[in-house]
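When the chains are written out, they are named A, B, C and D in that same order, and each has its own residue count from 1.
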Amino acid sequence: MTSDSPRGGDVFDIDRIRQIVELMEQHELSEVDLQQADDRIKLTRGGTALPPAMLTPPAPVTAASSPTPASTPPPSTTTEGTDAPGTVTINSPMVGTFYGKPNPESKPFVEVGQAITEETVVCIIEAMKVFNEIPAECSGKILEVLVKDQEPVDFGKPLFRIQVDG
Amino acid sequence: MTSDSPRGGDVFDIDRIRQIVELMEQHELSEVDLQQADDRIKLTRGGTALPPAMLTPPAPVTAASSPTPASTPPPSTTTEGTDAPGTVTINSPMVGTFYGKPNPESKPFVEVGQAITEETVVCIIEAMKVFNEIPAECSGKILEVLVKDQEPVDFGKPLFRIQVDG
Amino acid sequence: MFQRVLIANRGEIALRVIRACRELGIESVAVFSEADRDSMHVKLANQAFCVGTARGADSYLKIDQIIAAAEVAGVDAIHPGYGFLAENAQFNEVCRSSGFEFIGPSPTAMEKLGDKNTARSMAIAQDVPVVPGSDGLIADFDRAESVASEIGFPVLIKATAGGGGKGMRVAESPEVLKSQLEAARNEALAAFGNGGVYLEKFVERPRHIEVQVIADSHGNVCHLFERDCSVQRRHQKLVEEAPSPDLPDDARKAICDAAVRMIAGADYVGAGTVEFIVDKDYRFYFIEVNARIQVEHPVSEMITGVDLIQEQIRVAAGLPLSFEQSSLVPQGVAIECRINAEDPTKNFQPCPGKITSMFAPGGLGVRFDSHATTGYTVPPYYDSMIGKLIVHRPTREMAIATMKRALDELQVEGISTSVAFHHWILNNEEFLSGSVDTKYVDRAYQGQS
Amino acid sequence: MFQRVLIANRGEIALRVIRACRELGIESVAVFSEADRDSMHVKLANQAFCVGTARGADSYLKIDQIIAAAEVAGVDAIHPGYGFLAENAQFNEVCRSSGFEFIGPSPTAMEKLGDKNTARSMAIAQDVPVVPGSDGLIADFDRAESVASEIGFPVLIKATAGGGGKGMRVAESPEVLKSQLEAARNEALAAFGNGGVYLEKFVERPRHIEVQVIADSHGNVCHLFERDCSVQRRHQKLVEEAPSPDLPDDARKAICDAAVRMIAGADYVGAGTVEFIVDKDYRFYFIEVNARIQVEHPVSEMITGVDLIQEQIRVAAGLPLSFEQSSLVPQGVAIECRINAEDPTKNFQPCPGKITSMFAPGGLGVRFDSHATTGYTVPPYYDSMIGKLIVHRPTREMAIATMKRALDELQVEGISTSVAFHHWILNNEEFLSGSVDTKYVDRAYQGQS
């Protein structure tokens, strides 16, 4: 689930470590653990880590079909630490099967590079025989599709990475 | 413990390790753990992460009656991290009962402020009906008596704090 | 037998069901809320699906999300555990209509037994003694007055949809009957959206004794003897034991047989508990049936050696029970202490938070069922139980000694637990003599350690 | 009864004794080396004394320091556990002469049974079958040759002071007798400072079956049935179970009775184990007596419900056993897997180090005796066992299923453990059929997972 992995290269790079440590200090982080394949950077400060409940969860961008509009955190919480500023993810508002296309023959709802508005339907998630159209709920550009067609997804699963406008 | 020791050659780069340690001290990191493929650097400050055997033990100053002369670490290991430089502790070489005086009526073997030589008997530890005279094994000045008369002591228990000569 | 089972629950009971599945060679599928992402039941299951945000209403109670997970995972059956959806007849129905076996009784049996008033009538029909009272709901005050004078004061006013003490009132005398009746009605209406209440004789100093029963679809109904759950605080069980420390053999036989009759007459398949109150003369009265597995089921497992969760799964799959009544010979004494993240010195106020260090007790006769471990954070969203400490020894005296040392051994740092209460009760004369009634703790315990 | 007991040991057995003391209301006093300062037995004891530096020879084997601690703490008795000083007759003697009860047999009994040759003569005197061989030491090669030809090849050459396979050699034929004899002598001399060896018939495909016995000072000698410890690697036990998976009732009765005769004839007070090898026709031969508690004692506790450590303490205090032979009825099947900090894929190479995260298994039928927990560092100075996983279920099939899932559940991160080996053996046909002999693992296991 953690998406903050080093951009490859030499994990022993002191400058990067210093930057991370300064980040930790100024942001009161108790631990940083970065890994990618065999690469790993883990830094710990002081004693206990924050309880998960207090960590920012991977939360859904509010969607019409969201089961929990009330408890949906603000969109900003879907910004990912290591991403360039202004990028968010659209997360699944439900458990189900992801469909990138309206039907097997037709082309995908959206493709990488495509501009989207809040109303743009980005995919369908099928659950209990119901096909739920998922609107983007934000406007910008598709940077990446994070799941494969017909892949099972659960609540909060990141589906698309978006470069938001402005 | 072998898993804690880096294998790759350049992982041993002292400069880098020193830099990391400086970062840790200056930023109060408790642990740094870096690995890449088989390479790994893991540094931990404080806590219990170091195996006890690798910690500086409260070890006995060699005494004639020491049960373990062979395994007795050098006196330097009795220097306590928190002490001013040049102070050491004389630790109990055995389990027993501490006596600060040769007998209830007489005055203590040594008192705070008193100068001692390596041969000075600083106390008696009674074990199995045997009264073992404990020599200072170092020369200097008594700064503090750390145990009460007739207090039970176990192996390695600090008995006196000493300001060593020179 | 099933290939794959989804567990619609969390915490220690999710772990308990995973254990049973593994031993039966069944794959387990967990569901979890975002607050439980790092929880042990998620780690130990073969698959796990996040079904919503932290609050139970947004995750573990989301029927559509759980069914969707069951479909995506392709399971054969769903185990509801206890609490959450375990006694929700609608969920039961949806599971079955979606093509998943529900590991529990039919929705009909669940509904009938779930309604106290219907259950009472069924008990009477099966010749199971019930507390004298209004056979049916109390329409108005006049009816209440006549019934009360007939069975005699004090009388207990109970909500027909009630549970956990809500909508329950005692009227000591005719003067307070009206006010208590209205109080009960309003409380019931608020809590259950159903203001129906009934009257019964108020049994003083009652002990809570329940019988573990399990039935298969081949007509076999067996009991696993009784549990004494009289150590309660505000109707919440804290310590349970089997067998009851004070029950003559003839009374034991009578109460167990009554429980079997009750279940046999309810067209029931699965595990269930028939609850009774017992007075000082060992007269017992039917209270209710819990149509699910219960928190305290391990004490019955310990004295019989039967794995109740495995049997639940077997009978749900249409297999017969793996044992016969005659083969069950209770061995020794088992006691369970519920370890809650609560501070007994502060009126059992819940204290969620991070467990900075934990050591689980071991040794002869000790069983510790817990999802908690060093580094686990007890979330504030769910019930506060972090584990169940169970002991099993040849005698009650030995069991108590083992429980005391296991409680000493259990180390939980970073949060408060109910251990201090358990030390108090295990050293309490009333408890040692086996004469604790269900109100005793409320009368005698004020946070002593 | 004793007021305070010192435990001259470490690790899980120190914890085990502390548990027994607590349940008996006895204060426990721990001793520890500098390497064990943060160990669980130090935390759980009422008092603890550091007795030296890390190496066993500098701490747990320091008789003078341990006695000094006993004096300072003012204990009544000393429990030696197993290993370290447990079978050291001199320590036993010093304890008693210093005024402390030694929890174990008398120095004389210990010494006599500790010498294999003397023990063999005692067995013959008690009509306990022994492996045919030289009744006494082998003076020279000629004597060896005549004995060998008399009992027939292959013959086993064993050191009289031996143990753990040291100074043990098999001579398949007359040609290799001389060379093997010398090899055994030299190895024995180096290992025990005693080159005395004897000959016996080499039993092929032997199974290791031992009988748990305990005797009080009132003339009562009881057995707690047998344990099968045939799953060994290089003479080190890895898995033990009770009862034996393949032993007819008449053979079981005969072997248990023989063990009782052996102990009854040795003027013995305390717990002990009489070890036998058993051939394919269930003929059994006496091997040796372990005059102490053993690592694998829990499997006997599980099937009998008897707390062996508490009984050890009782009889050492002069009390009679708390049970009679006739009251012991074995229940179900118990299996123990030794969890060692070893890498079975790397020839069981020990791997001490820090346990970064650990989850102890729980649930029905599971007992986990361990001093390890998250954050514990396994020191390199002592044996590598970090815990014992024990299961107890009504049948062997159930016990194996429970053990498998408990092994899956046990999570130890930061170091390697022997769990992979246990998965292999629990799925092994020979093991499942109960026909594993003491050489099987050495023949069949090459680090499979």
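One rule holds for everything that comes next: contacts are C-beta pairs under 8 Å (C-beta built on N, C-alpha and C of every residue); 3 or more make two chains touch, one makes a residue touch a chain.
Small disclaimer: the values here were computed from a predicted structure and weren't measured.
Engineer: So which chains are sitting against chain B and chain D at once?
Structural biologist: none
Engineer: Measuring centre to centre, with centres taken as mean CA positions, what chain is farthest from chain B?
Structural biologist: Most distant chain from chain B: C.
Engineer: Counting in whole Å, what is the centre-to-centre distance of chain A and chain D, each centre being its mean C-alpha position?
Structural biologist: Comparing mean C-alpha positions, chain D is 56 Å from chain A.
Engineer: For chain A and chain B, what's the span in angstrom between their mean Cα positions?
Structural biologist: Once rounded, the distance between the two centres reads 52 Å.
Engineer: Provide the C-alpha centroid distance between chain A and chain C, rounded to the nearest whole angstrom.
Structural biologist: 40
Engineer: Counting only residues that touch at least two other chains, what does the list for chain D look like?
Structural biologist: Residues 375 of chain D each touch two or more of the other chains.
Engineer: Where in chain A do residues touch two or more of the other chains?
Structural biologist: 47
Engineer: Considering only which chains touch which, how would you classify the arrangement: line, ring, star, complete or other?
Structural biologist: Looks like a ring, each chain touching just two neighbours.
Engineer: Taking the top-of-page definition of touch, could you list the pairs of chains it picks out?
Structural biologist: Those chain pairs which touch are A-B, A-C, B-D, C-D.
Engineer: Which residues, counting only chain C, touch chain A once they are in their complex?
Structural biologist: Going through chain C, the ones touching chain A are 34-35, 37-38, 49-55, 58-59, 62, 64-65, 67-69, 71-73, 98, 353-354, 356, 375, 377, 379-381, 414.
Engineer: Which stretch or stretches of chain A touch chain C in the complex?
Structural biologist: Contacts found on chain A: 1, 47-49, 51-53, 57-59, 67-68, 71-72, 94-97, 127-128, 152, 154-157.
Engineer: Would you pull the chain D residues touching chain C in the complex into a rising list?
Structural biologist: Its residues touching chain C are 15-16, 19, 22-24, 40, 43-44, 298, 301-302, 305, 307, 331-332, 357-360, 362-370, 373-375, 393-394, 398, 401-402, 404-405, 408-409, 411.
Engineer: In their shared complex, at which residues does chain A touch chain B?
Structural biologist: 10-12, 14, 17-18, 21-22, 24-25, 38-47
Engineer: Touching residues of chain B toward chain A in the complex: what are they?
Structural biologist: Touching chain A: residues 11, 16, 19-20, 23, 27-37, 41 of chain B.
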